[in-house]
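Taking it in order: structure first as structure tokens, then the write-up.
Each chain carries a letter (A, B, C and D) given by its place in the written order, and its residues are counted from 1.
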Amino acid sequence: MGGCSTRDVIAAVRAGSEAVTEHRDELVRLDREIGDADHGENMERGFRAAVSQVESAPSETPGAVLKLVATTLISSVGGASGPLYGTAFLRAASAVGDVTELDGTAVAAALQAGMEGVTARGKAVVGDKTMIDALSPAVDAAKSAAGSGHGPSGVLAAAAEAAHTGARNTEELVARKGRASYLGERSAGHVDPGARSTALLLGTFAETTGVRR
Amino acid sequence: MGGCSTRDVIAAVRAGSEAVTEHRDELVRLDREIGDADHGENMERGFRAAVSQVESAPSETPGAVLKLVATTLISSVGGASGPLYGTAFLRAASAVGDVTELDGTAVAAALQAGMEGVTARGKAVVGDKTMIDALSPAVDAAKSAAGSGHGPSGVLAAAAEAAHTGARNTEELVARKGRASYLGERSAGHVDPGARSTALLLGTFAETTGVRR
Amino acid sequence: MKKIVNEPADVVAESLRGMAAAHPQLLRVRTDPAVVVRADAPVRDRVAVVSGGGSGHEPLHAGFVGKGMLAAAVPGPVFTSPTPDAVQAAIGETEAGAGVLLVVKNYTGDVLNFETAAELAEVDVRTVVVQDDVAVEDSTNTAGRRGVGGTVLLERIVGAAAERGHDLDRCHELAERVGSRVRSMGVALTAPTVPHAGEPSFDLGADEMEIGIGIHGEPGRRRAPLESAEGIVRRLLDPVIEDLPFDEGDEVLLFTNSMGATPLIELYLAHGIAERMLAERGIRVRRRLVGPYVTSLEMQGMSLTLLKLDDELTELWDTPVRTPALSW
Amino acid sequence: MKKIVNEPADVVAESLRGMAAAHPQLLRVRTDPAVVVRADAPVRDRVAVVSGGGSGHEPLHAGFVGKGMLAAAVPGPVFTSPTPDAVQAAIGETEAGAGVLLVVKNYTGDVLNFETAAELAEVDVRTVVVQDDVAVEDSTNTAGRRGVGGTVLLERIVGAAAERGHDLDRCHELAERVGSRVRSMGVALTAPTVPHAGEPSFDLGADEMEIGIGIHGEPGRRRAPLESAEGIVRRLLDPVIEDLPFDEGDEVLLFTNSMGATPLIELYLAHGIAERMLAERGIRVRRRLVGPYVTSLEMQGMSLTLLKLDDELTELWDTPVRTPALSW
């Protein structure tokens, strides 16, 4: 059970990009139901750009990769998800500092910092039917997995599982933040697209890290 | 077998108005297929106005009624059919002069004058897929019926029958005049709305006059 | 039928009432018969340029009433030309000693009704018939080419000449000149729905377009599979260019027109392609107009119009205009 | 999907290319990131009023770039707010010593991206957030009211103030004042289709309308049976009037806006009804704007916006403006 290297982080970003491309239409469909039908398009554009940046400018540390992903998402996604995911990756980058390998605790700390970034920008709380509803339980699960000694892959697996449940549970919620909130009660009965993409990314990160172990 | 009085002509106009109202949707549909979907609307508007004019300002002669119908159609229909039907009634009015009753010969002459008016304005010849394709055989039939001594009702009945056949035969024609001509070959396979309304009016006139006899 | 209307029969009258309310500085509206007149009409010693036709093509024509363009517009029922007495009323409201120029789009109904009005008028009336639609290929075996997008360009340029004080002869000559140098072609992606008909004027499959349409929901010359913007623009532009023909070195005004429901984002995209294709042929675009100016209710589609400019036409085009729809 | 486009991903860039070709006198277009800038920018010692947001609302915002209105517009992808670096580029192109006023429609994405740009800017930047949509009833349990039609009025009036040389404080105060006095509400009869999504953003039955829609193809607050124009106008106007509220004797600007595919004939009809209803309440319409100015691609529908005027706002509204979409 080793740490997570720069190469591993790059591989995770690449896999994340493939996953959002593969699920592009699903995310568009979810966003069409309670939003403006662009979340899949936004995520695909952002992660493609991130991959091409990460591949063209070699980064030395996991933190540097995360930071490059952050600035690329901010300057290529737009919409609500661009600044939110961008800030998440930016805070995660700061949290991991310039170590060359992340252990389980560092991964959990990165997730927690990322979530705090999203909250700072977007002011959403749990139950508002946003990506926070996937991220918050993911952070809790990650911390407890790290606390019981899991490495990056175990921490991410725990986080992903919790995020999936959290995302699924957004279905019954009435949105209070983002575009879906305009629908009022009509927003219930649909999964939040941002929560879904968060769960998707964490699941992919967990898988990639698991394989590399 | 008597002549056709002013009252008879007024009754015919009223019946014509009812007929175009009843067949409004049919005429719109025919015009939608090869035109701009307004012929039924145009005819209904025009004949309603004509009836209300004719009923409000008492005319002394058949010619005066026809003239009032003519000017009302001209000032209330618009489109191609307004000036064409208007001119037809205007010329018919001139043709009958100020007699107080029309015999069969007068009716045939009125139809012939009407047709010449349409031709003068619209320059269409038989085969161009216009109201002329109903009117021209109608005039021929009217003249021969009058020649064999028929009164107004017999003349109109002959005219109406020929007009119906003429209208039906427009189906196979390629339009060379009016809006349908823009369709080129695609105009074939549809009955011309103006020919149909001509047949409809003549049929109604024949019926009313027949009943009044 | 998805429309913001009350009784279908009242659409035109109610719409004109709203137009009068919207533009009190620019125009006034007479009803029965319906005529839209420049607020300051009659303008003494100026030729009155008057146009009209069926409604449903807005802003054509009423949206072009004002300084530097039309003295009056005569709106008929939807897709139905106005009657002669309405045209006569417009003449009466605007004639001011210098005569009237009637701008008539070449449709049987418009021609006949305006012709009757001109015959009955007791003032000096001249008529120009616009027939710029190259989609009508065989104009001897048809009612002749339709008047479409070119009408706006003609109304602007002749309106400018009238505003400047040119006499009726000169205005008429200019109108004929514009008419002889302007060509258009249009395409529909969807059919419009006439309010009194209540259903679309023709049926188009989800992947079809109708090429060579007019502006009245008439079906076009032929139906074809929907293409990319590149393909569509080429199908409109090539026949327009070849008809006049427009040649290398010619200076033109390019008018990219939305038929109503095609949004500006698509229209500008198509305009950019047309500019590039013209540049590739060495035809120089000197002036342009882009927007929904000659429409067919809520039809999706577009048309392209080219006008071969000369110095006088260009200069008149640039003079000030102040109407609801065109203003500079 | 019935659209005049090539690759969906290229729609915005290609459309901007066409826009640049269409209006060489008024604006220039920078790509990567996409920014539309006044032809004569930067204008020394003038506050630069800059706005932007997702594309698909044309002419908003790029069509309002020019003298007397916006110094620059920042068009994002369709229905997606632009990124901070695009906003920064617009600031860089237009700032000329008097600071920048960012006009932001209240959507989470726009607010966050413009906020980031403002934080990173090294010049004096002030922001106004437009939130005029009364359809969002419960603004504490939502992302707050959306910015819709009122945006155009604000951009015009503040653009006029900037053109006149008012400083950033004064322009910002005016923007806040307009924002506090403007209210809007919209209805959709059909849904728009986002090019990259390829199908309509929501499904509406043939006899249904969606009330309280935004401008991004978001479904509205509720669905209702389609009504007559009278009914539709009343459903939009009443909540707008009651929200501020607008009272008897108030002087207002009435803005009747098409969401894209609703044709002018219907829009003027609706406008006339709104004028009458306001008159019945003793609210005095002093200025009006009627047309497709804040759209949602090819959506059929309309919105009504009321701005409570005062002498200064009226006077600024009337000053000259010269942009692709608004010009007097």
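Brief remarks follow.
Basically, a residue touches a chain if its C-beta (ideal position, glycine included) is under 8 Å from a C-beta of that chain, and two chains touch if they have at least 3 such contacts.
These are the chains along with the protein names UniProt gives them: C, D = Dihydroxyacetone kinase-like protein.
Model, not experiment: these values are computed from the prediction.
Any chain that touches subunit B and also touches subunit D is listed here: C.
Summarising the inter-chain layout, the chain whose CA centre lies farthest from the centre of subunit C is A.
In this assembly, the C-alpha centroid of subunit A lies 76 Å from the C-alpha centroid of subunit B.
The distance from the centre of subunit A to the centre of subunit C, each centre being the mean of the chain's C-alpha atoms, comes to 54 Å. Averaged Cα coordinates give subunit C a centre that lies 28 Å from the centre of subunit D. The mean-CA centres of subunit B and subunit C are about 32 angstrom from one another, to the nearest whole unit.
Annotation for subunit B: no residues touch two or more other chains.
Within subunit D, the positions touching two or more other chains are listed as 78. Taken as a contact graph, with one node per protein chain and an edge wherever two chains touch, the assembly forms an open path, each chain linked only to its neighbours along a line. Taken pair by pair, the chains that touch are A-D, B-C, C-D.
Subunit D meets subunit C in the complex at residues 2-6, 11-12, 14-22, 55-56, 58-59, 63, 78, 189-190, 206, 226, 228-230, 232, 256, 260-273, 275, 285, 288, 290, 292, 295, 297-298, 300, 302, 322, 327-328. Of all residues in subunit C, only 33, 54, 76-85, 107-109, 112-113, 115-116, 135-138, 141-143, 146, 194, 196-197, 199, 201-202, 214, 216-219, 221-222 touch subunit B in the complex they form. Put simply, subunit A touches subunit D in their complex at residues 28, 32, 34-38, 41-42, 45, 74-84, 121-122, 175-179, 181-184, 186.
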